[in-house]
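Read from first to last, the chains carry the letters A, B, C, D and E; within each, the first residue is number 1.
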Amino acid sequence: MPSELLIGLIFLPLLGACLTVLPWRWSTRLGVFAGLVSLPVLLVALTLAVIREGAWYYSLGGWTAPLGIRLFVDPLALLMLWMVAIIGGVAAAHAWHDFRPGTPEGARFWPLWLLLTAAMNALFLSADLFNLYVCLELVTLAAIPLIAMAGTATSIRAAMRYLLLALLASLVYLLGVALLYNATGTLDLYLMTQTLAASDGPATSLAFALIAVGLLLKGAVFPLHVWLPNAHASAPGPVSAVLSALVVKTAVYLVYRLWLWTLPAEDPMQGAVELFAVLGAAALIYGGILALLQERLKLVIAYSTVAQLGYLLLVLPLASVTAWQAASYQLLSHGLAKAAMFLAAANILHAVGSDRLADLERLDQRTPLSLFALALGGVSIMGLPPSGGFLAKWLLLEAAWQEGRWLLLFVLVLGSLLAAGYVFRILAAALRRADPTEAEDAEGTSPIGRRQAGYALLLALLALLAGFGAAPILEVIDAGAPAGWSAP
Amino acid sequence: MNFGWQALPLYVVLISVVTAMLIFALGEGRQHVRTTLNLGGAILKLALIMLMLLAIQSGASFEFRMSLLPGLDLVLHADRLTMLFATLSAMLWLITTVYAIGYLEQSPNRARFFGFFSLCVAATMGVASAGNLFTFFIFYELLTLATWPLVVHRGTPEAFAAGRLYLAYTLVGGVLVLIGLIWLHALAGGSDFIVGGSLAPLAAGNENALRTIFVLLMLGFGVKAALLPLHSWLPRAMVAPAPVSALLHAVAVVKAGAFGLVRLVQDVFGFDLAASLGLADVLAWLAAATVIYGSVLALRQSDLKRRLAYSTVSQVSYIALGVATGGMLATVGGLVHLVHQGLTKITLFFCAGNYAEGLGVHSIEELDGLGQRMPVTSVCFTLGAFGMIGIPPLAGFVTKWYLGAGAVAAGAPWIIAVIVASTLLNAAYFLPLVHRLWFRPLPEAMAERALAIRGGRMQALVGPTVVVAAMALLAGLFAGTPGSPLFWVIRMVGGES
Amino acid sequence: MIALTIDAIIAIGIVWLALQTVRGANVFSAIIMFIVFGLIMSLAWARLHAPDLALAEAAIGAGITGALLLVTWRRVHVLEGRTPQVGMAARSLWLTLPTALAAALLIASLGWVALTLPAEPATAGELAWQRLPEMGVSNPVTGVLLGFRAYDTLLEMAVLLAAWLGARVVASELRPGALPGPAHEEVPLVGALLSLVVPISLLVAVYLLQAGGSAPGGAFQGGAVLAAGGVLLCLTGRLESADQTSLIERIVLILGLAVFSSVGLMMLPLGEPMLAMPGVWAIYLIETALLLSIALTLVLLFAAAPGLRRSS
Amino acid sequence: MILLAIILPLLLAAACLLWTPGHWRALLPAASLPAVALALLPAERSVLDWALLGMTLGPDASGRPFLLLLGVTWTACAWFALGYIQRHVRSFWVFWLLTLTGINLVFLAQDTAAFYCGYALMSLAGYGLVLHERSGEARRAGRVYLMLALFGEALIITGLFLLAARFGNAELATLGERFAGAPEADPAAAFLFAGFAVKMGTLPLHVWLPMAHPVAPVPASAILSGVIVKAGLFGWLRFLPPEAAGAAPPVLALIVLGLAGAFYAALFGLTQQRPKAILAWSTVSQMGLLLTLFAASLLGVVERELLLPVLGLWVLHHGLNKAALFLATGCAPTTSSWRILLFAFPALSLAGLPWTSGALAKDAAKSGLDAAHMPEWVITAFALTSVTTTLLLWHLLVRLRQTDKPAAAHPAWILLTVAGLLLPWFWAGTIGQAAFPDMVKIWDGLWPLLLAATAILIWQRAQIPGLSLPEDEMLALGRRLRPVIEAIPKVPKPAPPAAEHVSSALMSVLRRVEGRLTQLPIVGPFALALLLTAWIIGAF
Amino acid sequence: MSATATIYLLTAAAVFGIGVYGLLQARQILRQLLAINLMGGAIFLLLITLGGGAEGPPDPVPQAMVLTGIVIAVSATAFALALLVKLQDATGSSDLDPPDAE
């Protein structure tokens, strides 16, 4: 039974996408419901199964690896799937208003959205390098049109740049896969390990280097982040949320998989984690500073993503159970918080008509709920308690401390200060009053506005709650720590 | 986790959180509901605290524990120190709320204001009842968050500049605490506050680590406590409305920092360990320097609230000074100042607010002759000023008495020089104000200016002022009475060390 | 030796054409070079014992891609009346040099690594040969595509669908379609030619489809050929763009994905694993659906139109 | 009664704060009557352990003369003030009554904290009295008064801290026994001595006194000079038991200081022009004498026992007479012969004319000093101060005649003068010091007066021109020095840091970098470089 | 390794490099897309050659992969071309980095 859950996670959205292509309104609704609402239900069952049975493989078509393609589910995958379900689901609910079924926009939006969901689910479950390539391409090709749905010149330009670099990234990755296949005779992530341990030579390391660069490009890691800010900032709100919270994480997820699971512990290529850490540190600082320099709300949030991704790479050299917890929790809390912020930003943009920081005065009057969601998300991003982000930062610092990485510690701290800088810059802009004596104007928020704000708030509250519910989550996560990281 | 009777500290914190949320949800209109909520929350909280106080008197103990991370618990408990701070904040919150309702009448963004106001108090309660450093830190940072909107409440460029500075300082301070905390966690695990310190068994071999940790935490808490090189945010934060300044200075932010220092010395390191590592001296010197420096700078301010702010810089360090001096007497002096400074300073800020609201008076020069226009406020101000100087029988005297005696008893007579010098400086910057109030002629323009507070507003503004002034007076006058802050502190220190 | 010479010539041709594509005097000639590059590539595939690829490269890589490139080039450059720009000259040396250097390093290292790779037969490949009989088809490539790695193929259909959906999202309202309007001037011979070519393409497609089981060919090649027929119909104005995607078109578009998924799911209740093929018929069923979907998607992508209809 | 003494003035002060004193103002002088009762009625003691740090209040032997002085003088002066004060009436009475509360507390306190509480209240409320006229001169005087008062308080509190560390809120009565041998004794005693010396106007801490007393309204000057300065002495007596002085008390040094003050002040007073300033300097001089006596009482327990009544008598005598003289300055004493007579009684009493209370006090003092085995020159010098005092009071009379403006003679003045004549005798009787002088003593009292009279005659004959010096002699010196101090060059402020420029430049650079980075030909090589780096890390 | 394999491997390496260079250097997006397709072709060539295509019997797995890759490439190219047209509509330029932006 549990394995059918995996199938459901991939194929329900996929078939849902097929349904939404059909022209009827009911088919779209049915497709969306089948593809999105079912996910949390499946995941509850899956979570119980994972807790009960631990990680397991599922061979598609009954063809065992290395011949066939396997699915693999473990706590990390489970975490990512949950994020897809929750963040994707809430973002979809938010999108429901702007992209109603039956309208031309809705007809264009939902199939892509469901394909994106299916692609991410497939990606997080796949255990096959080439299959992952297909998944990555599907993610890219589903995500970029969604960016372009905004229709503005900036969004088109951003989509184009994203597309070109994503294609470059995919191809670089594919080249690596080709080399690896030849060197190991298999495409399975987990079978490969044994062969890799036996083989050595420049080919596998070049292959991993290629894969790394491909993933770093897709994951928008400094200095290869250049496509991200505009793409994320110019997309429609729910799309931005999913892009920042989930899509870029796919690449990071694969880096984790490859370096922590596939690569043997003693492989010299493990040295690349130091490079990742350096890049992560640079991203943290650079992204933070750039976020401080932005004049538009969504760009600030987008650069914040660049910075926050740095945390995820910084963890790699630490190799401890704490570091593992830190990485998982950062994945989760950043996802929730960032999605909340983008949804809130979309509401603000909608209400104000501009997301230039200079135009955002008196937001606490105009869009109080969205601002609140934005602020709560910001709290988590800054890593201030009580929030999931705080716990993640705490774990990161603790992990860095345990390993005696002082420089890393410094960078982490600096990064969080920069984050505080840009978050509070937004809030300051939002609370500003052009004329302090001016009387309040009771602009009522429309019911729709309230509902839309409610979605952002929901995610923000989840990010907040993550600050309290860590113990059970981490208990599950701990069981999935990669080999070598679980030792106390 | 235990959500029953034992979790009372949690509920005390939650009351304010819920109040805040309801206020946010209520929005800008519905003034009466909001007022009812505000006062209801404050009174309920005070009642709960009184209940806890009684229970603790009769030997009960409270603890709420919840695992946040493996090996790290969120602990809320209630020891005597908690109750001291919690009672003070709850009481002053109630009074300040009344005051703020009057103060902000007709001004915009009240929902936001009162929401964050409540949140701020929730954080303060959390700080008070935190049972370990980790929990303390959580609420400490929450406090930063909740205060910032209050600091920038006016929405003017100066307010934002002040807010920026405030954040820069407090966030960096938070980071320092965080680092220290992580280090400590690595050394000692999630150590709870234990009277006399929980680190003593670790001391051997870890001296330098512990020293560094102490300094990190000290600087971190020192930011909010406005210790010497870290104080500049405080005067700038004066752009906030008067109730905020009052709360900031008397109850919440600054006190949280000072309270952190107390916890650090008393319950984390323990005074003996801190002293044997030479750390208590460091803190004492720093605090002493702050005491003097703050006073000297206060002398140079011509804006009333800024002068009060620098006075706070100076006065709050008494707390740290007392605790760092060690010994029963000085500790009593330091801890009791937690309450005394709160009462006195809130009086002064209320008065400053009354002057500002009533006659638009902000600078010291404008105080001339106001004793005639606003006699009650001026009497309260005078009482507050005398309390700050430490003139008996006001509360400030009791503090200084114990501090001074404690300094000698602890073999650090140089501290007397600090206290005396500070007293003189206090007098030097407060007495001219009193002089202006009572002995300068009232300028024509001021005599003709209409008093902007009257009617119900008058009661809401002057009433709390009188109440806190009376409390500041009575806390000193009846210091020997059972139930007075001094009495409580003496029992606490005497019973525990 | 002769074989080696041929290989060398093909290789030189490939590299030269690649260079020409990149350095071509103008975009148009670059596209032409690229199309030729694709054709030569299919020769290389043939030389490398990959006839399936040779077919696919010719039909898709060179054919459809080329057609897409050319029609887009026309829409972007010619219709706008812009003078084609010189390819490389505009970048300054400071921008060119690092790239060139890096590319050269890349070529060197890639070449070196590829040459030092131990040429050991791959395990997965060996297994595929061994277990091919279980699939019921004799073409190992089809076996892999629709059997062992059917999941890849399924997702690939999703990619194709996503591409079409994406193209719909960014469809230009200002410049509808690349198709000639109704007033297109008819060349006399075209009609006769079409009436010959289109049925042939259909025939070839069907042949490729059924041959895929045992010989080179399959849904992709067949679909591409069918699409080529469709492209011709478009180019000659037999088909013109419609404002809406018709229901049939929609169904055909998702047909591949839906049928593939359904067949895969079908076995689940029977206790079989997902995507286990119930028999050869299922492979052919899926292949047919894939062929139709691929062909229609490619034609629609070429036409850059929501849908097609017969010209009035 | 004790509480009444504290609370009555407080209540009246509150009443005055709220309402301008109206027809009930006649009550105001009564505020100080409980003190009289406390001085005369049998001792009682209240322990108020709920108040402050645990208060104990009650009159004792050393306090009674002070209380008597306080009660009588204050009542009389208040009576005088009822009519005299016309401006800032409320303010005057509030401070008047607060001062009264404070000094009551000082004289009644039996524990350290309560004493200090009263002392501080008295000092600060006294500021209001000094400043009553609100003139520029009053302000200046007030400022100096306040600064020195605070300085004194600071010294006192320092001393008290030192005591408190050992004894807590020490009960004053037993302080002496416990003081002995305590390591803090010496520094505590030094601080306390210096602190109270400020109030006493002991050289060189007297600066405030000649400034403050003249500017205050007449009744205020009267109590300042007559009563409040005595609080300093009272503090000495309370906190400096003979045991406190330790092994080698610097008694002689203190005596010299006291005598020097007595002579210096009297002589300096001769250079003054304003009657009240002259009287103030006289007070400084007299306080020097009290210091001498007090110093002698430090020698040991026996000496203290011996001199304590003498000090009490002296306090009573000087207080009443000095207050009477101050009131006299408000009653145009030279405008009629009976007024001159009335003026002469206290003046001559101060000068020590036999049969006056002054003579009584001086005799007692001399015999006390004798009994304390003081060197002969001390006693001689002590006697010689009568000469200077006489000269000074003569000078006062001369100045009064030149400046007097017509004014009504207030009955309070007469009352006080009479009290000054009689009360010390009465008091001496109650403590067994009253004795009619024999001839030796009469001569002892008379020769200084004769000497002074001779000097006056010579002076008038020789027509030596009067010298006029400012009242605030030390501050005047300071003013001379100011240009010198200001000439010291100031350290220039450093230029504002260039950090802002640097950071904004950095920001614009970063913006440009980010703009460039988005271009493929730039980000591409980066990616390739990363690739090679990663590869090199892994492969080599 | 056979000579044929060597030849094609080197060809693949060269074409990939040329593709990278072209992608990064080209101004027009059309050219960049061509370059991307060249890179794809090079990878496919590498896969097949390494998959024993030169010696036979060929490994069917890489062949299937390449087939999938080709379809993906054409999908991506098709979408990119549609986006290009839209880009020109929206910005009036078919370049990402117009010369004046430098």
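Definition applied: contacts are C-beta pairs under 8 Å (C-beta built on N, C-alpha and C of every residue); 3 or more make two chains touch, one makes a residue touch a chain.
Note that the structure is predicted; figures quoted are calculated from it, not measured.
Counting steps between touching chains, the shortest path from subunit A to subunit B takes 1.
The chains in contact with subunit A as well as with subunit D are B, C, E. A centroid comparison over C-alpha atoms places D as the chain most distant from subunit C.
The chain with its Cα centre farthest from the Cα centre of subunit A is D.
By number of C-beta pairs in contact, A-E leads when D-E and A-E are compared. A summary of chain positions shows that the Cα centroid lying nearest the centre of all protein Cα atoms is that of chain B.
Averaging C-alpha coordinates per chain places the centre of subunit C 107 Å away from that of subunit D.
In terms of their C-alpha centroids, the spacing between subunit B and subunit E amounts to 67 Å.
With each centre defined as the average position of its C-alpha atoms, the distance from subunit C to subunit E rounds to 13 Å.
In terms of their C-alpha centroids, the spacing between subunit A and subunit C amounts to 31 Å. Residues of subunit B in contact with two or more other chains: none. The set of subunit C residues that touch two or more partner chains comprises 91, 95-96, 99, 102-103, 106, 109-110, 114, 117, 121-122, 124-125, 128, 148-149, 152, 156, 159, 162-163, 166-167, 170. In subunit A, the residues touching two or more other chains are 130, 134, 137, 141, 144-145, 148, 156, 159, 161, 164, 168, 175, 179, 181-182, 187, 201-202, 206.
Listed by chain label, the pairs that touch are A-B, A-C, A-D, A-E, B-D, C-D, C-E, D-E. Of all the residues in subunit C, the ones that touch subunit E in their complex are 3-4, 7-8, 11, 14-15, 18-19, 21-24, 27, 30-31, 34, 37-38, 41, 44-45, 47-50, 52-53, 56-57, 60-61, 64-65, 68-69, 72-73, 75-77, 80, 85, 87-88, 90-92, 95-96, 99-100, 102-104, 106-108, 110-111, 114-115, 117, 119, 121-122, 124-126, 128-129, 140-141, 143-145, 148-149, 152-153, 156, 159-160, 162-164, 166-167, 170-175, 218, 220, 294, 298, 301-302, 304.
Interface residues of subunit D, counted against subunit C in their complex, comprise 519, 521-522, 524-525, 528-529, 531-532, 535. Note for the complex: subunit D touches subunit B at residues 17, 48-55, 91, 113, 116-117, 120-121, 124, 128, 131, 134, 139, 142, 146, 150-151, 153-155, 157-158, 160-162, 164-166, 168-169, 184, 187.
Against subunit A, in their complex, subunit E makes its touches with residues 16, 20, 23, 29, 32-33, 36, 39-40, 43, 46-47, 50-51, 61-62, 65, 68-69, 72, 75-76, 79-80, 83-84, 86-87, 90-91, 96. Within the complex formed with subunit D, the residues of subunit B that make contact are 329, 375, 379, 386, 390-393, 397-398, 400-401, 404-409, 413, 416-417, 419-421, 423-424, 427-428, 431, 435, 438-441, 476-481, 486.
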